[in-house]
Each structure stands twice: as C-alpha cells, then as structure tokens.
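In what follows, chain A forms one complex with chain B and a second complex with chain C.
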Partner chain A sequence: MDDDPGVTRPAGLVIDAALELLDRQLVDSDDSLAGKVDDLELTPSEDDSHVLYVTAILSGPGALGPRLPGRLGRAWSALFDRLHPAEHPEPIRISFGVVQSLGPRIRISMSRHHLGVNSFEHWTREHIIRRIPGSGDASQ
Partner chain B sequence: MKRLISVTLGILTAIGGFVDIGDLVANAAVGARFRWNLAWVVLVGIGGIILYTEMAGRVATLTKRATFDIVRERLGPRMALGNLVASMAVTFLTLIAEVAGVALALELATSVNYLLWIPMAAALVWLVIWRVRFERMEEVFGLLGMALVVFAVAAWRLVPSWGDVVDLATHPHVPTGEGAPTYWYYAIALFGAAMTPYEVFFFSSGAVEEGWTHKDLVTNRANVFVGFPLGGALSLAIMSCTAMVLAPAGIGVDHLSQVALPVAATLGRLGLAVALLGFFAATFGAALETGLSLGYSVAQYFGWPWGKRQRPVDAARFHAVVLVALMIAAAVGLTSIDPIKVTEYSIVFSAVALPLTYFPILVLANDPEYLGDQTNGRLRNLLATVYLVVIVAAAVAAIPLMIATKGGG
Partner chain C sequence: MRLSELLGRPVVDADGTSLGEVRDVRLVQDGPLQGTFGAAFRVDGLIIGRYEVASRLGFDRRGVKGPWLVATIVGRLARSSRFVAWEHVDATEHVIRLRRRADELQPPAPLPQLRTGSVG
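Let's turn to the complex of A and B:
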C-alpha cells in the first residue's frame, strides 16, 4: 500500500492495526491488567486521502459483541445491553492519546479504575468477593 | 534444597495430567486389561507434553503472558471463544471428577460415604485457592502426591524379571479377545490424558504467578523435564502393578479401591495407607489445578486481572469464576454421577480443544518479536509438527472410536 502512488502516506505511526493491536492485552499505569483491545475506533482523515486513523481503543464486552459472528454476536450484544445499568450502554473507550507503548502488551498511562465503570467487575467485587473474609489480603 | 523445591510446579502440573482420579483408574484398568501393551502411549504422551509445556513456559517466562492470552491474540475472538468453551468443558468435567475423587479417597480412608465428603472437599479446595500462597500450595500437594511412589515400590517387589517387562512393553500387540478399535480407543484416552489442555494453562500461568524472568528459563526446563517424566513414571508404575496382580486373576478395574489392591497385597496395611495418602494428594492437587485453570483461561481470554498474587478484591472476576465453578462441581458431584465416566467423556471436548491450544503455542514459540533469540530450533519445530499431526489424528479418531466401542466397553 505504501508503494501505491494514489495513496498519500499518512503522518504518524503506520502499523497493521488488525495484527499489532487487536486482541492484545492492555496494561494500565499501576501495571495491572486492564482488559483487551476488543475493537478499534477508526476515524477518516479530514482531507480526502481516504486514510483511516485509529483514534481510540474500545474494550469490554460491549466492544467484543460486534466482533463475534452472526447469532452469537447479536445475542452477546443483546445480553450486554440488557444487563448494563445504562440506558444506551457504550463500550469502554480509551483515547489513543493515552497509549504509551505498543508491543506484546499495550501500555496505557491511566489507571484502569479511571477507564470507565466495568459493571460486571464492580458487581462481582461488591456482591460476592468483598463479602468473603480475607478478600483484601494477597495470599502471600 | 532450593533446586528440589523449585521443580514443584512441574510436579503438580504433571500429577493433574498423569495421575488424577480419571488416570489413576484408567492406568490401572489398562494394566489389568492390556498389561504392558499400551505402555508406549504413556511414553509418547510424556514426550508431547514436555515439548509443548516447555514452549508455553518459555513464552510465559519471557513475555509474562500465559497460554490463553496468546490463544486469543493469535486465533482472534471467535476461534478462541470456541477453544475457550471446549477447553473449559474438559477442565470443568475434570474438576467435577477431582472433587468427587478427593471424596472417594477420603471414603476409602474413613469408610464414610463419599457423598458426605464432597461439600467438605470442595470447600477445602476453595479455601486453599483463596488463602494459600501459590508456591506453598504446589510444594505441599506436589510433594505429598509423591506418596504414589509406593506403586513403584510395589512393582519393584512384584516383578519377576525387568527384562521380560521391557520385552513385553517394546513388542506391543492387541491382546487376543480385544478388538483393535478398543485398543486404539484406550491408546487415545491415555494420550489425551497426558496432553490435556489445562496442564499448559496451569503451568504457563504458574510461571507468571511465580514471577519467572529471563534467568528462570533453566527453572522452566527443569520443571518440565523432571515433572512430566515423574508423573508418567507413576502412571506406568500403577499400570505395571495391576498388570502383574490383577491381569493374571482376570480382575477388571472400575473403581478407585481396586487401584490400590496390588499395593495392599504386596506391602500390607502401611503400603495401603501411603497409597491412600497419594490418592488424596493427587486428586486434591488436580482439583486445584483444574479449578485455577478455569479462572486463568476465562480471565486471560477477557484480559481481566488474575492470579493469586493479587488481592482477591483486585481480581474479583477471576475469583468469582473459581468459586462458582467449585460450587457447581460439588453440586454435580452430589448427584452421585460416576466421576470416572465423567473424565472419560471429557475426551470428546479435548478433541476440539487440543489442536486449537497447541497450534498458537507453536506459532508464538517461533516469533522473534516475543522471544528474541529464544525461539524454537529446527529439531524442536520438526518434533512439534509431528506431534501436532498426531494430536489432530487423535482428535479426529476420538469420537468415532468412542461411539464404535461404546466408550471402550
């Protein structure tokens, strides 16, 4: 594609987004695991060069649903909409501006607690795990 | 001492693969029925699991990424979800069997019906996962599982001549009175048990839990090369015991109590007590391995925080998966379902899960972006490819053979 004279090479980093971003592990500023790159937000460039820019990483079950095939994907998304407390739930959106480094793990410069509420995590923590004695101690 | 302790991850992993409840009975049953004619399968299985676990461990050591993380990245969300469902089914069926297996071992020791022990066994397994440090857990159950060495002692006492045994084992044939499909069905069952996917999930996650780094590549290799041959040797010892004591008498094996018969006959009460301790430790260890593996694989698919290093509130979803899995496993166990049958049926799901688990490991073990100069050499790739072909062949043949032989009947 770089050799195609009809396409202007965009400014910024050029990567194969499907290969080097999708389905990789996110790691937050506290070094803890913060979900997967479940989908990407692509925005067309403002001039008419037909170049797409990756502007955000989408994460969580809301972003995964549309990537699963056919009926399974639709059922997944329907379940997410049904169980999510918000009226029109959106997947967690991580602006590409906070991405620190790419590689086997994608490092972001925020804590995962500030990424947006993961309702499933919140529910299991508050309703199950926190009620069991010892939930605040690491087992070592 | 440090070296001895540091291979306990490999030992505990191997116990779950070679001498968990299903395999204790399967090895004994195969020995009683086929004598040494299937011993070669165990050796083939040891080779395969060593090869692939070493790769998965190497990737985990150098990248801090355990197996299911890699499966998702390389196969994409759709195929990886198929693998997740299939391998969770195998692992969960095995967990049901292990919880019941711990209860059966306690029944043999106390004569209290195993159904009464099931809730207690599940609660104890959960408590260990909730409270006990990872390294301590593998030391205690890995080393206690070594009590099964009593089968090797019994075999040593029983054997008239090792030359004859080696001769029999190296010239395998389908025994008269057995059909070839039944022979091959058991061969695949033994091979599948050696290569079960939760072993690589557990081992690679354990490497991350223990915080292995570049200098632990030796530890990785030591764990793999000590643990699996040891697990395989225990399984061969059990097979040999029943081949020498039960096969001549025409006694078949379909219950845990019959597995210990040769030990009781040769070494008396003390030997029996040690064997029961070994049963308890091995099934308990396998329950820990499968319970944790369920949490590991789901968490790694979705990218959740996981592991025993975290405070449970920081890995809430991981701990919730383990807790719910153990509760359902105990509930299913209480229906008095036969735990041995349950592990036999899990082979069907292994058929789907095995190629989809081992293929991404092989691909990543060749990726210099991840492993730098530690990628596979040519010989290793050749062997791994041969094994992948065997795994696929076994996967394809498993279900038709199961139907044709009515589950090895």
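Let's turn to the complex of A and C:
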C-alpha cells in the first residue's frame, strides 16, 4: 500500500456507505438470503446531536421507496402503505449489533424468520395473488 | 435520519457556490460498542460530486484501473468530487450548506489508503 503523507489514516475501518453497504445481500444465521440493505438508520449521539452513528440496516419495500426518485418513489411508498396490513408500516429494521461480517454479502447472526423480512410478501400472496382468478397454486 | 435523506441532496459551500450533490457518506468504525459487531460506524463526512456515474462506480475513491478509455472518461468526471468532514456540514435545510469554501476542500482520499482491514 502506498502511503500518501497527505492522508491521515483513521483508527477504525473506513467504508463508503452507498458504495459498500447499500444494495448488498443479507445472509442470515441459516445461510439463507434475508433481503438487501435498502437503507441505513442514522442516530444522533447522546452526547452530541451532530454526531451520527449507523444503528440499523433498513430492508424491504418500506425502505426502498424513499430511495427511488420523484414520483416513482412516492408511488412506491404510497402503494406499500396501502397494501401493508399495519396502519403505519415501517421498514424491516435490523440492528447493526447483529452484523457479523461485511463484504459482498453481509452476514447477520439472526434467522430471517425473526426479522419478518418476508411478511409483506406473505401478506400480498395471501390477500392479493390468491384472489386473482387462475392463480391456482401460485400463492403456495 | 436515514442515509437516503442525505444522498442526492444539493450542496453549496460557504460562499453559496454549488458543488453538486451528496454522492456518498463516508463512515469510520470508531463509535460505541454495538452488540457483536463491535464499534459502531460514525458518519465521518460527505463525498460530493457533480456526476453520479463517477461516484457510483467508485472511480474517485478506489483507484480503479479499468479499461483506459473508461478510466479516462470516468476519471475526468470524478475530478470534481470533494470530501467534507461532517463537522463542517449543516444539513438542517434541504440544500446542505458547508462551513468551508470549495477551494478548502480536497478530493476524497482513496479507500485503499485509509484501510487497515479489507472489505470486499
């Protein structure tokens, strides 16, 4: 590695969030796919509100809407709010404290069954897909 | 706050000159302990640029050595990229205002030079 005297190397690992975290695949404790990193939750420090820490990964359709541009993003979010069974639906929140490793795949120490990452998909399958004539066993 | 609330926002310097938009957020893992992950990531600063494609491919930070034609074109687009430390950022309004002038900002340091570990 070439050291540039003009570059001060910080004590901790340095990453660029959009380049190295966003859209990465999540892998759960069962080695199963558990969604993607659609957004990050940034929380102010208790000591200094200007200091922000990454406290959680946000995943699922509820997290993706705000990232999409303009009308598409608003339409996506409105559709998610309309279809989701909860009155004020929130995206799936995965505490950064359960992250085990970073890389092309981000490994977490929880099972996807405890995250509810597929709850929206299940609800859509049960309440919409199943009612479409000719869907057959598509909801299975 | 969400990361997506920062990405894409317009940025002006202390003189009101437009610098482009927020293209990325640089994080440093030196925060308080957070479960099994260890130290939390802290927002260290913003990477600002005029051309999204240059930042999206990481040409301004990874020292990418692609095909020379691509490297030349995207490398030129990435020359406008600048890093600003979070302490100099006022993100209270939609247009992010910096407490520094454009000529006081440096291009973002390439990630390999900042690394003590490795991330794929």
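Just so it is clear, the second predicted complex is superposed on the first by the 104 of 140 C-alpha atoms of A that agree within 3 Å, B and C clash if a C-alpha of one lies under 4 Å from a C-alpha of the other, contacts with A are read in each partner's own complex, and residues count from 1 in each chain.
FYI, contacts are C-beta pairs under 8 Å (C-beta built on N, C-alpha and C of every residue); 3 or more make two chains touch, one makes a residue touch a chain.
Bear in mind the structure is a predicted one, so any value in this text is a computation, not a measurement.
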Partner chain in contact with A:Y53 - chain B first, chain C second, else both or neither: second
Which holds for A:Q100: it touches chain B only (first), chain C only (second), both, or neither? second
Go through the superposed model and pick first if A:L40 touches only chain B, second if only chain C, both, or neither. second
Winner by number of chain A residues touched, once chain B and chain C are compared: C
Quick one: is A:L26 in contact with chain B, with chain C, with both, or with neither? Answer first, second, both or neither. first
Contacts for A:I129 in the overlay, against chain B (first) and chain C (second): which applies, first, second, both or neither? first
For chain A, what residues appear in both contact lists, the one with chain B and the one with chain C? 22, 67, 69, 104
Which residues of chain A touch chain B once you look at their complex with the stated criterion? 22-26, 32-36, 38, 59, 61, 64, 67-69, 72, 104-105, 120-121, 124-125, 128-130, 132, 134-140
Chain A partner contacts - residues on chain C that touch it in the complex: 1-8, 23-32, 34-37, 39-44, 47, 55-56, 58, 61-62, 86-87, 106, 109, 111-117, 119-120
Quick one: in the complex, what on chain A touches chain C? 1-4, 6-7, 9-20, 22, 39-45, 50-55, 58, 63, 66-67, 69, 95-100, 102-104, 109
In the complex, chain B residues that touch chain A: 63-65, 69, 72-73, 76-78, 80-81, 130-135, 299, 302-306, 308-314, 316-317, 319-320, 323, 369-370
